[in-house]
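As structure tokens, the structure follows; a few thoughts come after it.
Lettered A, B and C in written order, each chain numbered from 1.
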Amino acid sequence: MRSRRFSPLVHGGLLTLTGAVLLLLSGFVDELRTYQGAQVAVYVIAISSIVLLTGYSGQISLGHGAIMAIGGYAAALSFVKWNFPFEIAILFGVIVGTISGFILGVAAARLSGPYLAGTTLALAVGLPTLADQFRVLGGEQGLNFDIGDPPTWITKIEGSSFTQYKWFFWITTIFALFTLWAITNLLHSSFGRNWRASRNNPVAAGLAGINVARGKVLAFTVSSGLASLAGALFGLLLGLVTPSAFPLSLSFAIVTGAVLAGVGNLAGSIVGAVVLVAIPEFSGTLATHLGNSQKVSANLPGLAMSLLLILVVLFLPNGLGSAQLVKKLYKKFTTT
Amino acid sequence: MSEGLVVSNLSVDFGAVNAVHELSFHIRPGELVALIGANGAGKSTLIRALSGLITPSQGMASWNGVSLIGQKPEELARQGIVHISEGRAVIPELTVSENLALGGIWRRDKKDVEIAREQTLSIFPVLAARLGQRADSLSGGERQMLAIGRALISRPKLLFLDEPSLGLAPLIIEEIFKTIGALRTQFGLTVLLVEQNAMSALRIADRGLILNLGALVASGTSDELIADPQLRSAYLGI
Amino acid sequence: MFIDTLLIGLSSGAIYSLMALALVLVWRSTRVINFAQSGQAVLSTYIGYEITLRTHNYWVSLPIAIIAGALLGSSIDLLFIRVLTKRVKSGPIAEIAPVIATLGLLGLIQSLIGLIWGNAFLQYPSPLSAKGFTFGTHTIPFSPQNSMIVLSSAAVLAVFGIIFKYTDLGLALRAASFQPEIAQLAGVRVARVRNIGWAFAGSAGAVAGAVITPTSTLSPNSLDLLFVSGFIAAVIGGLDSLIGAVVGGVVLGVGFSFILQYIGSSVTFLMGFIILMIVLLVRPRGIFGSKVGRHA
């Protein structure tokens, strides 16, 4: 439990500064890295949803990929069918996702551990199939969510080198930084403390006057709001939403990212997000060095990710982004 | 001197908390010794260390020359050292018959297991009447009898009884204690009886050990302990 | 029509029961949901596949796959789960650690399979016909392969049922899973017994894989959806209950079959989710799940 003095203003200021720096830096990297940066930003939001839900409120969800799908589809639907501007479309996605999260949260509050895991798992597999059932959702081909080129007021300022990918990076990063700021505030507030208390000892928390069930529902609702934001942005990056964009492995990936982050560690979500994007990248390079066979290139990312996950769970339960690890590494490298 | 249960300088720590402090005592074979003390005195911790459920931080304990420390509970049970734990000594989801069978499943001599089972059922007829019922449908006293019965089937030599009177009505407690005393004589058991109910325990015991805050504060024959006025007021609740 | 749908439902229900059984076995003995189950099962099936290729005999490959499944299960318990439960006893990750760790193990197994055999869809040859039985002019959608599925599942369930209820080993298994400490104090070698539970679970998964794979294709992920169905079935039946695993499997299998027939193929899992929610709403621990005392 950190007892640092926490000022939302200072924190917000720091994040804004970080944002400005990142946006500046984005001018110096190539298109691929810019796109990957945007992916990292989206994963940060998705992982933070799990940090809140599991790390703080102690509920496990293996179906947040489906909630991302809800956000993504709602946003795309409003964009395509009702011509919402994309910002409003994203907001719409978040609203729909949050409401869905509330409904799910009410059901989930009664379930414990593996029962909740099983239910969310069923959701993750079952929900994307809705797209085939209702034609308005576009079936296998999905819905378009192409927001087009950056608006003219930006290209006027930044020049013609401001590509669509840079535009994506800006959008997602701003959302991600704002999310980090807002959620850190939330986790440091009485809500966050109540979640922690309810999770460590629900009986004691109840006796102390905390409404444990309500806290659980709230956590699930907010977490779903975050996940649906990530889903909407995810669709934005892809330019479309399809059922296959939100497979079961996505749900597993963001839980993985949260574990790598240190599941109670919000700041670590950045580390987790980077790892999620970096592993496929690195293993792709490694695979080329190892002969570039189909078998190797298809399976090396999965192998690397799985090994990393197992090692983190077994030996670094506080995740890669933990302060403990940094301290340990610092000690190791400075005392030889 | 290595005959019986020999405990020397045994300490058990939980992190920074010292639960049992450099205990030493000796129980001769065939003795029934009562281990008395208030709640939190370290009695259960001591027993759990002796039966292999926890590892002591220092010291030794042995039974007839064989060290108890470092052995797993199931191995000690198979050597005839049986710990009937406090409050949860039967498996509620299994039937009475299955609970009893548990006492003998690891034994090779199945004929003797059958003999022991018959003996147990004649000592505790109420169990014979309830063989097919689940253990969680039994009363507290019946569950205690079931636990003792299961222990008997494994032909124990050293018995650790952890607060058998807990939660039982006074009349039942009388009966259980009488039975324990009788069994000790009938089967030549060595018994370490942990109890808060000091008077009842001392009445059937040969000797008593009094524990307070993890340390041994008094020991002697039951008559001596009962007679001592200081001890009576401090530990025997009189 | 109704009978046909029912028969298909029983066939798939049998497989779900097997997977559910494997999950419940491991859950009861170790308190872990073994997400790697589908990986173990599919790996055992790949081994059976290799044997079939070399011996051209399905009936030889079947017992070998089962043995492989048992050995795999036992090894995972010894080398992985023991380490896991020892290291992660408390802290922020304690509840989800087994989930994540077994997910990691699943990914590991499937990647290794891909590296060895590739990711292409393979065909597991079986001497049994996939054509439905014919009664006069009417062909029912229940083939010799389906009867193999139902019979082998029933056989596995019967064998385990007998072991659990009537043997000393079964009593030890049950005692160790209900109250491990009391079982220890009674002389049960709990660690060894747990390991046997894992071996049983592994063999159940292997049987499931070996009998269902000939009806479709073999790939590293081919048993994943089966696992999800098995998990749903186990939850519906109550994770603590072996009978629940069977009932849950049948309920789900028949339910899916009727949904498939009368509503459509795409929403089966969504309906599965709804069935699950309805059951858990009424009984949050599943139909046969224990109500008192046991911590989930």
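The definition used in the following text is that a residue touches a chain if its C-beta (ideal position, glycine included) is under 8 Å from a C-beta of that chain, and two chains touch if they have at least 3 such contacts.
Given the structure is predicted, the values throughout are model-derived calculations rather than measurements.
K.L.:
Using the touch definition from the top, what's the fewest steps needed to get from subunit A to subunit B?
P.N.:
When the steps are counted carefully, the minimum from subunit A to subunit B is 2.
K.L.:
Can you name the chain whose C-alpha mean lies closest to the mean of all the C-alpha atoms?
P.N.:
Central chain is C.
K.L.:
Which chain has its C-alpha centroid farthest away from the centroid of subunit C?
P.N.:
Chain B.
K.L.:
Distance between subunit A and subunit B based on Cα centroids, please, to the nearest Å.
P.N.:
Taking the mean C-alpha position of each chain, the two centres sit 55 Å apart.
K.L.:
Distance from the CA centroid of subunit B to that of subunit C, rounded to the nearest Å?
P.N.:
Chain centres of subunit B and subunit C, defined by C-alpha means, are spaced 42 Å apart.
K.L.:
Just curious, how far off is subunit C from subunit A if you go by their C-alpha centres, in Å?
P.N.:
Between these chains, centre-to-centre, one finds 31 Å.
K.L.:
Out of subunit B, which residues touch more than one other chain, so two or more?
P.N.:
none
K.L.:
Can you tell me which positions in subunit C touch subunit B when the two form their complex?
P.N.:
Touching subunit B from subunit C are residues 168, 171-172, 174-175, 178-179, 181-190, 290, 293.
K.L.:
Subunit C touches which residues of subunit B in the complex?
P.N.:
Those residues of subunit B that touch subunit C are 51, 53, 72-74, 77-78, 82-85, 88-94, 98, 101-103, 105-106, 150, 154.
K.L.:
For the complex, give me every residue of subunit A touching subunit C.
P.N.:
Listed in rising order, the residues of subunit A that touch subunit C are 54-55, 58, 60, 62, 107, 110-115, 117-119, 121-123, 125-127, 129-130, 132-133, 248, 252, 255-256, 259, 262-264, 294-296, 298-300, 302-303, 305-307, 309-310, 313-315, 317-318.
K.L.:
Given the complex with subunit A, which residues does subunit C contribute to the contact?
P.N.:
27, 33, 83-84, 87-88, 91-93, 95-97, 99-101, 103-108, 110-112, 114-115, 118-119, 224-225, 228, 231-232, 234-235, 239, 264, 266-273, 276-277, 280-281, 284-286, 296
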